[in-house]
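The structure appears below as structure tokens.
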Amino acid sequence: MIDVSIIGASGYTGGELLRFLKNHSNVNTITATSRQYNGINVSKVHPHLRGMDLKFRDISPEKVDSDIVFTATPHGASMDIVPNLIERDINVVDLSGDYRFDDIDIYEKWYNLKHSAPLNAVYGLPEIYKDKIKDANLVANPGCFPTGAILASLPLAKEKLVETVIIDSKSGVSGAGIKPTEATHYPNCGDNVIPYAIINHRHMPEIQQEVAKFGDVKVSFTPHLVPVIRGILTTVHTFLKEDVTSDYVKEVYDGFYESKPFVRILDLDEIPRLSAVRGSNYCDIGCFQIDQNGRIVVISAIDNLVKGASGQAIQNMNIMFGFDEKEALDIVGLHP
Amino acid sequence: MIDVSIIGASGYTGGELLRFLKNHSNVNTITATSRQYNGINVSKVHPHLRGMDLKFRDISPEKVDSDIVFTATPHGASMDIVPNLIERDINVVDLSGDYRFDDIDIYEKWYNLKHSAPLNAVYGLPEIYKDKIKDANLVANPGCFPTGAILASLPLAKEKLVETVIIDSKSGVSGAGIKPTEATHYPNCGDNVIPYAIINHRHMPEIQQEVAKFGDVKVSFTPHLVPVIRGILTTVHTFLKEDVTSDYVKEVYDGFYESKPFVRILDLDEIPRLSAVRGSNYCDIGCFQIDQNGRIVVISAIDNLVKGASGQAIQNMNIMFGFDEKEALDIVGLHP
Amino acid sequence: MIDVSIIGASGYTGGELLRFLKNHSNVNTITATSRQYNGINVSKVHPHLRGMDLKFRDISPEKVDSDIVFTATPHGASMDIVPNLIERDINVVDLSGDYRFDDIDIYEKWYNLKHSAPLNAVYGLPEIYKDKIKDANLVANPGCFPTGAILASLPLAKEKLVETVIIDSKSGVSGAGIKPTEATHYPNCGDNVIPYAIINHRHMPEIQQEVAKFGDVKVSFTPHLVPVIRGILTTVHTFLKEDVTSDYVKEVYDGFYESKPFVRILDLDEIPRLSAVRGSNYCDIGCFQIDQNGRIVVISAIDNLVKGASGQAIQNMNIMFGFDEKEALDIVGLHP
Amino acid sequence: MIDVSIIGASGYTGGELLRFLKNHSNVNTITATSRQYNGINVSKVHPHLRGMDLKFRDISPEKVDSDIVFTATPHGASMDIVPNLIERDINVVDLSGDYRFDDIDIYEKWYNLKHSAPLNAVYGLPEIYKDKIKDANLVANPGCFPTGAILASLPLAKEKLVETVIIDSKSGVSGAGIKPTEATHYPNCGDNVIPYAIINHRHMPEIQQEVAKFGDVKVSFTPHLVPVIRGILTTVHTFLKEDVTSDYVKEVYDGFYESKPFVRILDLDEIPRLSAVRGSNYCDIGCFQIDQNGRIVVISAIDNLVKGASGQAIQNMNIMFGFDEKEALDIVGLHP
């Protein structure tokens, strides 16, 4: 049994972490910090947690003491908090972008921030780095778009089947966070599709970093906001260097993700859909169709707040502490 | 040909006024004021107006000079602006709540504001007050909920058929305005129905004021936000004092709204729907069904930004200046 | 450990039953019947169940053998199936309307069907009839609208506080079932609110039957379809016979639902919201505000497919077999 | 003044044709045919037309007599109807795919139909073929996806800037027509993104045919259904063969579409949005951003039922008869 803290628990990722931790059989106490909501029951911010006996507490990060801390803090804020936790031998899963990059220059360029405290961290994609995560004290939880895009692209890269991937992603609005903005205003994003950060989204270099480890592949990435609450549907368009069949490609994916409990490779006649993964930690990957120009389409579906954030963070915790990888995450999607 | 100004043209009602004024055959110049967007083309805020050659201008209200001014200003701000315009013999259609109340005490209580400058104004519901509007120099444009609720309730009140109306309204999110808030945040209002201001919405006393002029009827009112961009569907539940038929009630409505160009009374087998009025100035009224308890249901549908705001304001302008009541408004809804 | 069958498992209620049964610690084998999909894996119809090793089977009801059968069959079909199951000492939870009525005449009038096989059944609302359900072999699972409406109305009726309830319900589209119709066509119900069966929905007499047992209260009911996938938000408007306070009414509700694990009475400053119960078996009840006319508003929120159907059916099964009432249902809502 | 007929007027394209024809100053009588709804007022099917005095009539195509006929008939049905109309010297705008292809083999392969009656037709994209349309008696109105995709791609093809275009389109559900299907069922397409016909949509060869006329460019195309009623947002991903700037590309587009009244080229800091064109005949094109891999993104937005179908058909009619190209179409989008 472990004690768990969430720093910055009042956002959507905080709410989702609490949803899973609540029923986690290896978790003893939960501490949820928030400056703004100190003393308030968590259900006043996260209404689905109604009945949960837990209040936000305004504890400064240096005073937080537990076996693991989830830093659900903004980019740029985590780097001020994480080093002290690590020094005090507390395991950390950081949900910001601060520790995702091997090359600090890339981080500083794309996030337009100076990194004050680089540390060794493991990129928290368990399907790839499970062994390293087991021994890590700092795990950098992947971004939401990268999770769907990388899982859909890696087998193609590893098999040297492609040189370039063009990733066209469609994200639900919860990906923009709990704070209202012009982009999340219902009359703007309802009944609409909004492309944004067309060529310069900071998830691009994160995808590029991971894909490049498996092959010499260039990444192009464009995200869109769609009138959906949760979910990212990623359409990967790329051109095959060799003349292979859909069946062959499916076999490559089957092999690559064998015994990965949260990746489901679909049959050739199935298409991933958001409702199949809504609220769950699954990443569904499918399609593998090849057109007359040698373009292959691979499609993935995840819940951006679960496999794209908090569910994956719990999966990382489970691996770090030797728990069952599926503990507290063994729930299916909400369809319809 | 007249010159028209909009004070506060950067909100949704401003955008809609421009949509109608753009094609109005009696309008000469249009002035659109905005402090925030001075010098910017209107299409940068109202993207549907792309191609319209008009810039926002930061002109103080006392400097605005035209034949008519629409004050699309917040409650409490209009009262600081309107008296000076009226003094300068400029006609005004005020879209705020500041001039809608016969009894200033009721305004001050429900709006929690001190009224600094009461004036004689005509309540701008043309189906009822067309003759007064013709001669008015200040028209108080009705609220969006009151427009749908009053038009659906008046014939029952006038015929002394009921003592109480229970109004359950469902509004699209654009009714909350152009500014993002927690309530308009897509993950909050999408896939949801949000009752609000359950018993104390300030449109209640406005509905009460107008219905009471036609009969001794008590008004209860509860609004809900639904995941819709435009439109208000109003369900009026009330109990008949006499044993009448649906046919009879429909005849009452047919008579009451005879020759009112923007009210359409539906056949008994039809139900009002938002898409039939979307983008248009129509108010569709129908249903008239009576249940085993003597409860009758009357339903109205309007576009909250058109008949519930800017379209009605143009209709009032048309009447004030002796133009065809339908000028610039003769467009049907957008279905589907 | 029990064996469970679902007759008619290819609809939404079938899919939801499987979602809960999958993780139920007292369930041994599951049989899912479907004529249309015989031999097909359940996940081809219910994509969220991907990975579940279960195929639909075309077994005739008389051949189904298990400890309990859920009849997820249409109104009129259950009466042909249930008697044989009961004769064979199989417990039944029927999700149709066929066994919900004490008075067969009312059933036959409102469902426009001849009832060929009346049986003694317990109305499966565990908050009211838990003791009877314990001993029942046939439980009639309540309708979705009645569940939200009855739970919101009963305390008022029992305390003799009101004479009439006017129920205005807003339902998600999944309530219309898995089969596409004109009403569920996205361009029709998206961006729209559709009142239907204004005074003659067959859930009205079901609500009336149950409320009348607690007090002499007349029921008026009007449902609306809103652009929401899951959830029913019920607004109960009614007039108080006595001058009581919101605090008092809340106390009445607190007392009535004490130790009912799936009803949550909200604080006076909270409003029920669909996302707080989405995917869960909770019914949230709140508001209790009283207006100047003595009208009180009570609002409830449920997930129509869970507390309004399959979750409640599992809750009934748990009670019938002496399992923990919350087994397999101890999951919170999906917010946002 | 001309007389106009619509064969198959009960679908969405029929409803939109009527919306524009209603206010067209050069149109005398309108005939709307429908077998199913013979004798019924058009507003019973198209509720936004409430108040329009027009009934569907069951007239066989050979009996239809007017100056122009819009055949809003299914693929495969138009070829049985159009030849007789042309023989009788009636101008035709065909909204099906039957006359869009130069090469009948391609039509027969992709539509899986035998073409019984090929005729000379002009492809009705006025921005390209205006001169030919002037003299045509048969215009094949383009498909909805092709309209957005071709207009976004042609300038790149003509300038020989690219070799391949990868078109990722997101369509509103009205594109699937008025008939309910599993794909248009709200619980399926709401809160979801559904890729379909991934590599074999029959609009692909139509796009390919037109793009190839301007340059040796290969087309890949994948459509998605998004929870939107109207609109197609097309994201064109392609790789530049030369090192040019965004400014240069914008100039190319500005030049290509100079004096085309319904194409608006956006400033570099603007992104096309569906609400800016909703209900209108505009096609907005913008973005022109170039990433580190030399990929350029061009985005277009249209209303699939207007510029993608009925609005374009009216535009074609206007050109065929020498009317003002904008007659009846000079309306802006509905934002928000």
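Chains: A, B, C and D, in written order; residue numbering restarts at 1 for each.
The definition used in the following text is that contacts are C-beta pairs under 8 Å (C-beta built on N, C-alpha and C of every residue); 3 or more make two chains touch, one makes a residue touch a chain.
These numbers were taken from a predicted model, which means no experiment stands behind them.
Using CA-based centroids throughout, the chain positioned farthest away from chain C is D.
Across the two interfaces under comparison, B-D and C-D, the one joined by more C-beta contacts turns out to be B-D. As a whole-number value, the distance joining the C-alpha centres of chain B and chain C reads 39 Å.
Our note on geometry: chain C versus chain D, Cα centroid distance of 45 Å, whole angstroms. Between the Cα centres of chain B and chain D there is a gap of 35 Å.
The residues of chain C that reach two or more other chains are 12, 172, 174, 178, 187, 190-191, 227, 229-230, 273, 275, 278, 336, listed in rising order.
Contact topology of the protein chains: fully connected, every pair of chains touching.
In the complex of the two chains, the chain D residues touching chain B come out as 12, 15, 19, 22-23, 46-52, 174, 178, 190-191, 229-230, 264, 266, 270, 273, 275-280, 282, 284, 330-336.
In the complex of the two chains, the chain D residues touching chain C come out as 12, 172-174, 178-182, 184-187, 189-191, 227, 229. Taken in their complex, chain D has these residues touching chain A: 164, 166, 168, 170, 172, 187-188, 191-196, 198-200, 204, 218-220, 222, 224, 226-231, 233, 235, 237, 271, 273-275, 278, 287, 289-293, 295, 297, 299, 336.
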